[in-house]
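Reading through the structure tokens given below for one structure.
Note that the chains are named A, B and C in the order they appear, and that numbering of residues resets to 1 at the start of each chain.
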Amino acid sequence: MRVSLLTRRLTVIFLGLALTFLYAPILTNFVFSLNSDRFPTIPLGDVTLEWYRLILADALVIDAFANTVKIALIVAPIATAMGFAAAYADYRFDFFGKKLVLVFALMPPLIPLVVIGLAMLAYLSRIGLSGTLPAIVVSHIVLTSPFAMAIIRLRFSQIDGDLEFAAQNLGASNWRAFREVIIPSTKTSILAAFLLCMAVSFDEYAVTWFVGGLEETSSVRILSFLQSAVSPRINAIGSITFITSITLILGAQFLVLRRLARA
Amino acid sequence: MNTLTDITAARPVAPNPGDHHMSHAHISLKNIHKTYGDSVAVDRLDLDIEEGKFIAIMGPSGCGKSTLLRMLAGLEDVTSGDILREGQRINDLAIWERDMPMVWQSLALFPFLTVRENVEFGLRMNGVASAERRTRALDWLSKLGLEGYANRGVDQLSGGQRQRVALARCLVTEPSVLLLDEPLSALDAHLSVQMQGELKRLQRELGITFVYVTHSHSEAFSMADTVVIMNQGRIEQAGSPEDIYLRPATPFVARFLGGSSIFDCKARRRKSGELVLEGADGTFDCAASELVELDEGEKVSLIVRADQISVTAAAGWAENEVSARVMGEEFVGALVNLRLETASGTQITVQLQQRDMQALDIEVGAGITASWHPEDGHIIKT
Amino acid sequence: MTTSISTRRLSRLAYSGLWSLPLPLWLAGFFLGPMILLIWLSFWDVRNFLLTPDFQLENWQKMLSANYFWAAYLRTTLIAISAAILASLVALPCALAISFFLGLKARMVVLGLFVVPFFTSYLVRIYSWQIYLTENGIIMKTLAAVGIDSGSLLNTPLALMVGLVTLTLPLVIVIQSISMLSLDKTLIDAAYNLGCGPRRVLFATVLPAVRPGIVLGALFAFIFSFGDFVTATYLGGGKFTTLSILIADTVKSGQQWPRAAVVSLVMIATLLVSALGAISYAYRRA
């Protein structure tokens, strides 16, 4: 748009302020996780790793982290596979009510988490699953697979619909064409979806808190800390959580954007 | 482009078209019907495709030509009817069992493979050993003038080069039929004309059957041995380009090809006993050979090609005369297409030399007389 | 022949079913199932602290005639609408800058930077805002240093908005930017050619054309703010009881799940109606 340089600059500065607003809490968290003072305020105390040492000695935290990793490693492959299947089905086949199924598949992230939590808790306790790790896994797959489907479907929308048939036309069976054409075309988006699912599973606290019972993930542990008292230990766990999810998301973005930039 | 002279030598099993009887049907479509829900895409169609011939299927979009090709390739199921190849029914063969490689409109080259890997693809699917695959792929690449491009990505090629990779990818498997779905539509006019020449030469030298779907008159008429014109899922006419050009079988074909004027008439017998054609624009004589099978009272379309109509400022000079008004003119190289309209609304197209046009010295809106020799009218019963 | 056709069709059907079915089946089992149970649950009874399947309207009657429920409903809706408007207003200049004033590379990077926070722990970020806003927190100390004396900002409507904008801003900016980036740039040039000034171009051309993006962005901000329960708890200090807090408290404290189910269903109905309304408004012909 043709606007004055001043307007242009002011708008970009505003954009910078918005980014600062979003990243300030993340940066603050890192700072206070290394601050020796018991109460988080300025002026800052000395630099220390004490809070990290404390949480790493806390059996509850360690268990929570172990659970988180276990859950994410089971959730991500299943959710990615299901998301992929749905995205591929949408790209490749036409069937009655397809649109409806797609809308339905994208719904879970839009329902309030407490509502899903309550519904899941009631449902899973009726089938004897509530309060177990499988309960958390089952719910996380519901919450993450829509993201996987969306990101892989985005990739499919860039693929020439004739490619797979061209492979079959040259003698490749259904499965062979799938292996030779669909997998190479979508593998980066599959990996991106995998990372995204891990990140979402990693950060989910509400539904997990409802259905997990005594089983805790690191996010639920943070929730428990928040309920009890102010402590720099929260910052220490927070830093670990941030680093993990930011790494996963940046990885996913790198994979997706590299494709988009080439297209 | 380099020459393709040694292609047949490179294909020891290439069938020699001379060995076969001329009318040997390679592929036969028997009573093929295809519906999507309530709409009919292909309507009980019969077609024989001769071995080693270049057949072009054309028609307006939605006429069913692409559906027909896709049914041949196995991409669509036929609703009813049989597809025969060498007399064998192939309806139930899967896409990958049909061995009818196709050049796609989108080309559908594999973007994640190199040029050579693209060409090798079909061989790899058929279990050809890697050393032989490589030799044959490189061989075809050089035949099509793509030596030196083997290890490039397909997105690094020009439009014409990609076209050749698509061709090489199909031909390397030595098929007896090649399907082509509007393969030149993405090329610019100049490149398209060049590729038309190459395709025709390739087909003649390989002696294999080409089934070519297009909406372009010039592509169909410049390359094909047989042109099939389709409309609303049916074949309007199938024949040699010359046959179709000179003797359109239906008013649709005449209109679709363009460049002809069509007069709706009724046959009437004069007191002298001879048949004449009477319509809103006048009474016309016609060659006796055209009138043979006509009875009094039958409705016909009288087709006259644009290059056979002449125009004069005044009436009373020729046998079949129509007075009309000049609606417009289009310059096509040294020729002028003059568009006329009669009082009854019939559209007439006349093709003139530039200098004749200048000699006439007429303006849009002026009255004028069009005429043609009775021998030049072509009758279609309607 | 007929058998060969049917086996071929069958194998094709199996192939397509293999891909089409897993996710819908999973969601039918573990998403639709729970949601249907939720509806049923709202008619159950609680006897002697035990959930008993039943079909009675008492839960609905009790909840829908309770003043505290409607107060919470009104509060939640107001908070969510305020957050949606605020986030949209803050997002608008950002999306304009991203779409029109940044180069291709910078645009990709900045959009990427906005996506990251959406997927990072909101809980920890809430905690960080507590550090900023609390009594003797960073902001108060800074203000005191320059001679301004402010009370604790925590547990105020402002704190709530800070939290909810933190939650929703990234999504709103990304949605608005996508709709601006898909805008036909010749439209803007045409407006300039017709002699419109920059302000008229913005208000008469750009904003109407990206209305779907703005409305959808606001809708998503509304949805997420409406359903969120940690912001009101940890930045509102429990002063602002929202519907989500109502549900969480009911579930974690007692066995009044049927009443929580009623609240849940009212929430879903509200979201459904607002989504349909917003979408039909967004794509209504201007």
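Keep in mind that, in the parts below, a residue touches a chain if its C-beta (ideal position, glycine included) is under 8 Å from a C-beta of that chain, and two chains touch if they have at least 3 such contacts.
A quick note: this is a predicted structure, and the numbers were derived from the prediction, not measured.
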Task = Name the chain whose C-alpha centroid is most distant from the C-alpha centroid of chain A.
result = B
Task = Name whichever of A-C and A-B has more C-beta pairs touching across its two chains.
result = A-C
Ask   = Which integer distance in Å separates the CA centroid of chain A from that of chain B?
value = 55
Inquiry  = I'd like the Å distance between the centres of chain A and chain C, where a centre is the mean of that chain's Cα atoms.
reply    = 16
Remark   = Two or more other chains are touched by the chain B residues 94
Inquiry  = Applying the document's contact rule, which stretches of chain A touch chain C when the two form their complex?
reply    = 1-4, 7-8, 11-12, 14-15, 18-19, 21-26, 28-29, 32, 39-42, 81-83, 85-86, 88-89, 92-93, 95, 101, 104-105, 107-108, 110-124, 126, 138-139, 141-142, 145, 149, 174, 196, 199-200, 203, 205-206, 210, 219, 222-223, 226, 230, 234-235, 237-238, 241-242, 245-246, 248-250, 253, 257, 260-261
Request  = Within their complex, state which residues of chain C touch chain A.
outcome  = 12, 15-16, 18-24, 26-27, 30-35, 37-38, 41, 90-91, 93-94, 96-98, 100-102, 108, 110, 112-117, 119-132, 136-138, 141-142, 165-166, 169-170, 173, 188, 192, 198, 201-202, 206, 223, 226-230, 234, 244, 247-248, 251, 257, 260-261, 264, 267-268, 271, 275
Chain A to chain B touching residues, read off their complex = 160, 162-163, 165-173, 176-177, 180-181, 184-185
Query = chain A touches which residues of chain B in the complex?
reply = 73, 75, 94-96, 98-102, 104-106, 108, 110-112, 121-122, 125-126, 169-170, 173
